[in-house]
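Same chain, two partners: subunit A is paired with subunit B first, then with subunit C.
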Partner chain A sequence: MMIKAIFYKEWIKTRWYWLLALLLSIGFAGYAMLRVARVYSMKGAEHLWIVMIQRDAIFVDLLQFVPLFVGLALALVQFVPEMHHKSFKLTLHLPIRATRAVTAMLSFGSVLLIATFALSLALMWGYLQSVLAPELWQHIILSTLPWYLAGLAAYLLTAWISLEPTWKHRVINGVIALLLLRIYFMSPAPESYNSFLPLLAVVTLSYSLLSMLSLTRFRDGRQD
Partner chain B sequence: MIRTCKIFFGCLIVLLLLWQIPSIYNFFAVKPTDTPFTLYSSVVGKFAVLQHGEDKKMTYKDHTGGEYTEDQFDSILPTFYYRQLITDGRFPDSICGRAVTPRDVQISNFNMRISPLDLNAPKIGVQQLLESMSGRVDLTLPDDVFRITDSGIEFVKMATNEIDDRKSDRFTEMMLSKGFVFPAYRMSGNPTDRKEYDEGYVMLDANRKLFHIKQTVGRAYVRAIELPKDLVVEHLFITEFPSRKWLCFMTDVEGNFWVVERDSYAIKRTEIPQFNPEAESMLIIGNMFDWTVRVNRANEQCYYAINADDYTLIDSLTYSTPNKTMPGLKFTTTKDKFVKPRFVN
Partner chain C sequence: MENVIECRNLTHYYGKRLIYEDLSFDVPRGRILGLLGKNGTGKTTTINILSGFLQPRSGECLILGEKIGEMNPLTRRKISLLIEGHVQYQFMTIEQIERFYASFYPSWNKAAYYELMSRLQVAPHQRINRMSCGQRSQVALGLILAQNAEVLVLDDFSLGLDPGYRRLFVDYMREYAKAENKTVFLTSHIIQDMERLIDDCIIMDYGKILVQQPISELLGKFRRYSAQVKEGFELKNTEGIYNPSVIRTSLELFSMKPEEEVKAQLACEGISDLTVERVGLEDAFIGLTGKY
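Entry: the complex of A and B
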């Protein structure tokens, strides 16, 4: 019951931003597909396929940092006002373990983000599979997965920084977060992350553990 | 719970330090080893070495210390500097006792690069098979692509994204009739229209038997190539050089380097010492007399001079290129195009 209430609270906090994020995410994915459709109608399917096979083009490069900013902004919208207005303390006084409450908050945000990204991927798949061979649309979709994982990582790491009570640690955590986010953008080569993706997904989800450290420091009363 | 979080955080910090400290050190402290430009000269029977001297001027030497002027250097490498020699009116009638024309030199010269970056890279599962005998001078790209499956070869029409069953069946039947066992273990081709002629693909089938496959007048040309006994081929490199002398180069599981001659399909072993294309890069600068083969190994750069007629080793030269980088965690290397964590020495 209490978890449901937390979910409702998070929904109230984030619903307008989520609508914006959804429009932004789908808008960029749709624009990338429009560009593919334009190449298809202007120069024909042959040109599209050959450019992909011979030049390793994937046509969706403009999406690279979109999930990152969507995830980062969701964490800011969800956690910064609560920390700023000191209302996070109230959440910790709810009749539920603090770690469970924070886990519920992070789960809500993660599911919202995954749903947003899944809709973008579904939109891309819906169009691409109609004009490209499976090898080619899989090539595009697999190449974008590290970017979407980066979006989830940006959300969880920003949540960790936002929940941290002192500025000194926020800066240190920020540097660590930047280095961790760099891992998702190490190579522009399509499909270069394929064998690393399962491990990267597990590590990304594990970043939710870091928020518990900030929570502990918050409960211990650490202040600047 | 908190203990788990602290352990996870500690592990992340350790990994970040293992990654960042070596990479910062290597960026600022390690300078790449500079090795001189080296080519074998059949005229003097030595490696010719071109490098910057201490006063930043170019020096022209051979590997035994003999010094040359720039003009002499052009003359001892006549197949490499043939355009300069023609311009100066110094192109010889014969080289090493063999009558030559600039056209002979131009046709027989070739460069070939083999890099682990090309082998250890993600591959798209579809390729193009050009028409090798269109009757036109210029090659044109086909309107379909093919994929090799567990049971055959499938051609897909690009315009409709549909499988061309008739063509697929025709090629599959021809390949099966020649003894090809699907799927292919390896294949090498150069599907571009920016070349003089097309030899299609060389493929190793599931049993590592070698085949030459191309499309001639819309039909499948499939040729099984007899391999010497006990030769287990690992990698294939189609050549398509202007001389049309070779079909492809190959390496076997023991690191030997082989050539397949184009007209006779004869397979000959070269005396290039062991080479692993998955870890080492190779550059071959060939001419009608010799090949200069450069192999970049872990701590040395090796040059081999190979006789262009019988592929015997004429001479070799090694430059030490000690690896001074600090070992550490890396996500990318110069040996492949994959991103994954690995500890690199």
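Entry: the complex of A and C
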């Protein structure tokens, strides 16, 4: 019941942004598919295959930073209102363990984000599997996965920064977050993260623990 | 009488600056206690410690017998918190915020909330961030009444309110707390409001408590004395005298000692033509803490 109420609060904050994020993510994915469709209709499937194999083209490069910005903005929409006038104190005064409340908030945002990304991926898969061989559509989808993980990482790291009570530490956390996000964009070659993806996913999820550090610092009364 | 709030030997510093040392006080059940002090004496620090948002350097506070740092989250159902400036979730409407909080409190009194909201000139779908501070104070008050907690902690409830809303808040709160035997711990920077509301007061000076007693007792014995003196006059014996000041030829001082004792003490310094006045809480506060 109490967790449901927290979800309700998070839904009120994020619902309009989520609609926008969904339209944006699906819009970009759809546009990328239109580009593939155009090449397919003008030059045929053979040309697509050749370009992909010989030139390492994946046709979805424009999606690279979309999940990152979607995740970052979601965290801002969700956590900045909590820090406005320190209304986070209201959340921490609720009769629920503070770590449970923050976990519920992060889980809500993560599920929203994963659902958004899953819909974009489903759209791409739906079209690509109709025109490409399994090896080729898997090649494209696998190449985009680090970008979507970067979106989730951006969300969790921005939540950590937003919940931090002092500006000095927010700046330090921001620099650390930038360095951590760099990891997701280090190699431009398609599928270069394949063997590293499971570990990267675990590391990404572990960023949720950083928000607990901010929570502890907030409750200890740290201030500038 | 059972103590609902107990603070023992609180010491806190911000960096190297001492806020207070070995501060101890209790709030018995059913009493309304106001914490008064100048800026920087530690009022907000004390509220933050009591609300669990600040770990004191040493000492401990208990509410309803539980240490604040180790409190069972469900105990917080019995504690209402009003944050400075009547802060509430700005992104919610009157209806949404009621629906949200109702899930956390089994004895939630929805009718009490909507009874108060019906007097506000706002639509049920109006978001809180589009309300005036006075309207927000009524939303916060409505939520407190609906929560029906045993203990109320109110941080600077006057902040941002015009006199009408301040009076409304004070009168509502006083009647509610007395009728329902609630224990209230509060701060406000407007002392006239406190005088109408509180039973007991703690007056803090930098680093220490100056006075902790029922307000009726304090105002019953606290007096302002004034007299005409020669320019350059300086009081020698200041025992039991608070903040004597001379402006040109006007002497003013305060004391809690019996009038006859003060008159005798001042007569020894050649002062006989004294004017003695009873004072309100604001003058008592200034008399105890000084103007500077």
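In this section, the second predicted complex is superposed on the first by the 223 of 224 C-alpha atoms of A that agree within 3 Å, B and C clash if a C-alpha of one lies under 4 Å from a C-alpha of the other, contacts with A are read in each partner's own complex, and residues count from 1 in each chain.
Everything below uses one rule, namely that a contact is a pair of C-beta atoms (placed from the backbone, for glycine too) under 8 Å apart; a residue touches a chain by one contact, two chains touch by 3 or more.
Since the model is a prediction, treat every value here as computed from it, not as a measurement.
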Self-check item: Combined model on subunit A: subunit C and subunit B, fit or clash
Solution: fit
Practice problem: Examine A:39 and indicate which partner it touches, taking first as subunit B and second as subunit C; both and neither are also allowed. | Solution: neither
Practice problem: Applying the touch criterion given at the start, work out whether A:2 contacts subunit B, subunit C, both or neither, answering first, second, both or neither. | Solution: second
Practice problem: Determine, under the contact definition given at the top, whether A:54 touches first (subunit B), second (subunit C), both, or neither. | Solution: first
Practice problem: Please indicate which partner A:99 is in contact with in the superposed arrangement: first for subunit B, second for subunit C, both, or neither. | Solution: first
Quiz prompt | Contacts of A:22 with subunit B and subunit C, given as first, second, both or neither | solution = neither
Exercise. Considering only touches as defined above, state whether A:76 meets subunit B (first), subunit C (second), both or neither.
Key: neither
Practice problem: Check the contacts made with subunit A and report whether subunit B or subunit C touches more of its residues. | Solution: B
Quiz item: Measuring by CA atoms in the overlay, how small does the subunit B-subunit C distance get, in Å?
Solution: 14
Quiz item: What is the shared patch of subunit A, the residues that subunit B and subunit C both contact?
Solution: none
Quiz prompt | Residues on subunit B engaged by subunit A in the complex (per definition of touch) | solution = 1-2, 4-6, 8-9, 12-13, 16, 19-20, 121-122, 124-128, 141, 143, 145, 147, 156, 158-161, 191-192, 331-332, 337-341
Quiz item: Mind pulling up the subunit A residues that touch subunit B in the complex?
Solution: 44-46, 48-50, 52-54, 99, 130-133, 135-136, 139, 146, 176, 179-180, 183, 186-187, 189-196, 199, 206, 209-210, 212-213, 216
Quiz item: Once bound in the complex, which stretches of subunit C touch subunit A?
Solution: 48, 51-55, 73-77, 79, 81, 83, 85, 87-92, 96, 99-101, 103-105
Quiz prompt | Of all residues in subunit A, those that touch subunit C in their complex | solution = 1-2, 4-5, 8-9, 12-13, 81, 84-87, 89-90, 92-98, 218-221
